[in-house]
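Below are structures written as structure tokens.
Heads up, the next two complexes both have chain A, just with different partners, chain B and then chain C.
The block that comes next holds the complex of A and B.
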């Protein structure tokens, strides 16, 4: 390497490029960092919109620890999240295996399959809500016409969370499919050829070759799905509004109600802080598991 | 000798046909939930109220009617909300291009993944958590009642999408051309502006599509920060629900109007969308 090239390369690498990112960082900081500091500040106050604020220290957090409605919402959130991670992962991986094959109209079928995740959530949630209608909904008609008992869907305490999970699964299985499909596309073909020569059957090839190869992608999908399911808002808000009663009230919904229905800004801010800690802890645990699975 | 060979050939053929049929059936099962919900939305929007409330349900509108769409345009401020949505989505995407493309370039070149994580935090944080402080701030600044608060919060959706798609894109570009430009005495900015940027057009298009779709679809920012005049379309459609709980036809028509542009876009340029989504695993907040 001659001297001018080396100089140019030195000039063109590393920190010199960072100023390109400054405007984006500045805006992100303005819209993210400032609200964070302000949230911490608000959470230390008894503060209702329209009334003067009063400093209360950690009182909001203490109150949260003894708020049965909040504790219940944590349970709802975790149950909803567990189902909304496991089911899309299973279905999405299956769909990715199908879409990894070559068949006519594959591109079009794949486009149709990802429509749910691109569609406006509020719009499709409205359609689901009409389909769930216990008396006039098309889903109960289908259930009864194949001889199954009708369901109360989102209008019963027992079925509301599974009903919401169903919509969430419909919505986000395509994202899992795309992530796993990316993994399958990058997988080498040689192991399959030698396994076939050795007489392995389809299940053995999936279990011992495909699954280990796509595992990092499945785990990535689990991380993304967990974060998104914890944050789920639109579908729950439109279909059940946290009801009946508080049966499907997740942390996010409770937080919304405290802030924008009851205007308890201070208390809602304390919920935000606890919620964020929960998300970060779960994300870190999953990322740690991912790191581990990579090394093994 | 001949007969057994033929039967085995036949059974092989039968097995092949059976496995093809099974595979076709699997594809059908996989895509049908998506199709059926969309078709039901279309069916609801094209039927009159009597048919929509009929039990057993009427599946195919006969005759189809456009009355629901007319009702939506007559009874609501839909054009106004459409303009709001276009302004917010367009503005937030435009700003994201201006700051997100250089940021993706800088981060990719400097391999500054720590910087990238800062921007990723926007993806992890629940939207509601920054909505409360921003809501208070906009109130203090007296900005409520205008589109500015909604536009500013939508930047949280569009900028991370741009940064992530562009990082992936610039990392895959060979660095030779820019290096040649630098040797010829270009500044870093000139190398970016005149060499890397023109090559990045496909990446920018992908990021733009994703950013437009996820900003367009966002509900909660418009619902909380928007007033009667400043709602975005998804918030306006939700509002119709609370007032017209029984009128399924217009509701379905409004839902279809909001989401149809996105669905059509997805069907037409699915290859780019799939590429962009798998590149970053991104999705709007």
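The block that comes next holds the complex of A and C.
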């Protein structure tokens, strides 16, 4: 008897309270579901702004599969994302370990360290672009002052992606540091006391205590950084515009060109759909990793 | 009502009625003037006083001049102006998206004719100016339409004869050169393409960080440099009559090879990533011999707060190519969307923006080259130009040999992107013919579809 009563109560609960969810459902449908369905719809059409729309089925997807620039842009996106995640995670974790220790002016140093994160990406990109100028930029001046050869930075096919990653690392390492620092602050102290009594050295304590304890936070930082790096547009557009040639053209940049420079809305919609699938796959992998890294 | 009537009857004429009548008498001449103007065909700047218009401009010196004097327009016409100036690329995108929505939020806009002329013409997004110009009630008697240069009017006129913009500015390309570096090497400004190479070679001393040449190399931005050279081979990138690409002709390939030679051998490293601003910054530091670009960059080069070569800049007309001598030109116009509900007020703004007064101001600012012949011949205007006389002479001589620097097709941006990638690869060391072949194959179907 208890189960049917509980089920009936649940039904009543749903009936009485469901109307309160309708506004949220309506807004979700308007701002998330409708744009998505419309994008899917558009991806099945050939539509150039100023021209009539024509249904083409999967033709845009077939064209994408053979579009060398799109395929190249996937490679650039993944390479840029990998570097823009791994390096800030490594440097940010290192910085968090340093800032977790007690030393004079620690608070001031922490504040200075997180300053880059507060600047807007476009402003940051413009300043770095000036510093990258091969002849007049301050970075080559510094390099040559210490006897190193000047670099071509964003003006060379070989160095453009590492150059863009350098800006990302400078900008977002503080975010990783803050997340990991939070993990360190929440970590219990007892395991360290036991380890010291057992004669563990600093590396062993880091490897077997600190790292497992902060791992959920590191994975959280990886998730946030991956999503950010995949979305990166402003820094790349301002500094290199996807160039030289197509050397730093990521999916976002190619998508922007197709949609807003060439006005190929149907084709750009197909790129959005494929990009979305790629992001979903990566997000699933990261969420699985996050589940695995949770403290038991 | 009855009470009031009775009151007025009792007192004869109320004080309020007397005031109203007096105001009416005072305003009568003005009302009569407007009414006469509207019915008799006389032009009146204040005919649409009280209306408000929105103006969308491309950010740059032209917009600065217009916005600086906007209040004068409002005082003259009684029309309120809300204007915004958006960076060039974003402005082009924004206006196309708004046109496509069917409800653009502006009544006047500037159009980059070298990029969007065919696009706006094919879509018929803008009003034809010809009927408005012919309307004596709407066009000021002193507007002096015949004063516009033939070149400017050609830019503003579509293939079907409609004139959907008024010409605002022409930007011929020329060569800035450092007179001090030239004098130190005993060089004169080159007269031919060959002499450019010879001069660039003599001016280049990589060990001391001195280079003979600089130009844009970044994808998209590099295409006008290539077409500037192509015109010297008497080749246009597209045959506009047959709508066929001419990018695999010997002249087009030779122009790409010439561009590659100059940038790889005599330009500072990294020009494949240079747009105009990086090239300008390099040239303004005094260690570059020549820089090819639009004529509108003279003001920053002659500004002591921005340049180390003030007074040392030479302004050279594009030299003779192997087959022809042309200056690649680019242009802007100003137009009115068909969807605008304030066509007449917007037209008054367009008239004011392209009036002799505003054209003269534009020329004197050095930020553009107006399309009115009188601006260049009026001694008072010329005397007010702060830039060197050599600049003005170069501007006039370049305009005289002007030829369109980009093809008059719908997908100009795609053309610049596809060929821009090929050119960047060429500047990076790839074979020019192979790169142009690849780009031509990629762009041919795009062009065919755009004209279908």
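Throughout what follows, the second predicted complex is superposed on the first by the 264 of 296 C-alpha atoms of A that agree within 3 Å, B and C clash if a C-alpha of one lies under 4 Å from a C-alpha of the other, contacts with A are read in each partner's own complex, and residues count from 1 in each chain.
The working rule: a residue touches a chain if its C-beta (ideal position, glycine included) is under 8 Å from a C-beta of that chain, and two chains touch if they have at least 3 such contacts.
In this text the structure is predicted, and so the values were computed from the model without any measurement.
Colleague: Please work out whether A:135 is in contact with chain B alone, chain C alone, both, or neither, and reply first, second, both or neither.
Modeller: Both partners, chain B and chain C.
Colleague: So in the superposed three-chain picture, is A:156 touching just chain B, just chain C, both, or none of them (first/second/both/neither)?
Modeller: Only chain C is touched by A:156; chain B is not.
Colleague: In the superposed arrangement, does A:27 touch chain B (first), chain C (second), both or neither?
Modeller: The first partner, chain B, only.
Colleague: Report for A:100: first if it touches chain B alone, second if chain C alone, otherwise both or neither.
Modeller: After superposition on chain A, A:100 lies in contact with neither partner.
Colleague: Which chain, chain B or chain C, ends up touching more residues of chain A in the combined arrangement?
Modeller: B
Colleague: Please indicate which partner A:245 is in contact with in the superposed arrangement: first for chain B, second for chain C, both, or neither.
Modeller: A:245: touches chain C, not chain B.
Colleague: Please indicate which partner A:260 is in contact with in the superposed arrangement: first for chain B, second for chain C, both, or neither.
Modeller: A:260 contacts both chain B and chain C.
Colleague: Please report the chain A residues shared by its interface with chain B and its interface with chain C.
Modeller: Residues 135-136, 260, which sit in both footprints.
Colleague: Mind listing the chain A positions that touch chain B in their complex?
Modeller: Chain A reaches chain B through residues 4-5, 8-9, 11-21, 23-25, 27-28, 31-32, 34-36, 38-39, 42, 94-95, 98, 101, 103, 107-124, 126-131, 135-136, 138, 141, 145, 170, 174-175, 178-179, 181-182, 220, 224, 227-228, 230-231, 233-234, 237-238, 252, 255-256, 259-260, 265, 268-269, 272, 275-276, 279-280, 283.
Colleague: Show which residues of chain B lie in contact with chain A when the two form their complex.
Modeller: These residues of chain B touch chain A: 23-24, 26-27, 30-31, 33-35, 37-38, 40-41, 44, 53, 55-57, 95, 98-100, 102-103, 105-107, 109-110, 112, 115, 118-119, 121-137, 152-153, 155-156, 159-160, 163, 178-179, 182-183, 188, 191-192, 213, 216-217, 219-220, 224, 233-235, 237-238, 241, 248, 251-252, 254-256, 258-259, 262-263, 265-267, 270-271, 273-274, 277-278, 281, 283, 285.
Colleague: Across the complex, what residues on chain C touch chain A?
Modeller: It is residues 89, 93, 96-97, 99-100, 119, 122-123, 209, 217-220, 268-275, 278, 281-282, 285, 287, 410-411, 413-414, 417, 421, 424-425, 428 of chain C that touch chain A.
Colleague: If we count contacts the way the header does, which residues on chain A are in touch with chain C in the complex?
Modeller: 49-50, 133-136, 152-157, 160, 240-246, 257, 260-263
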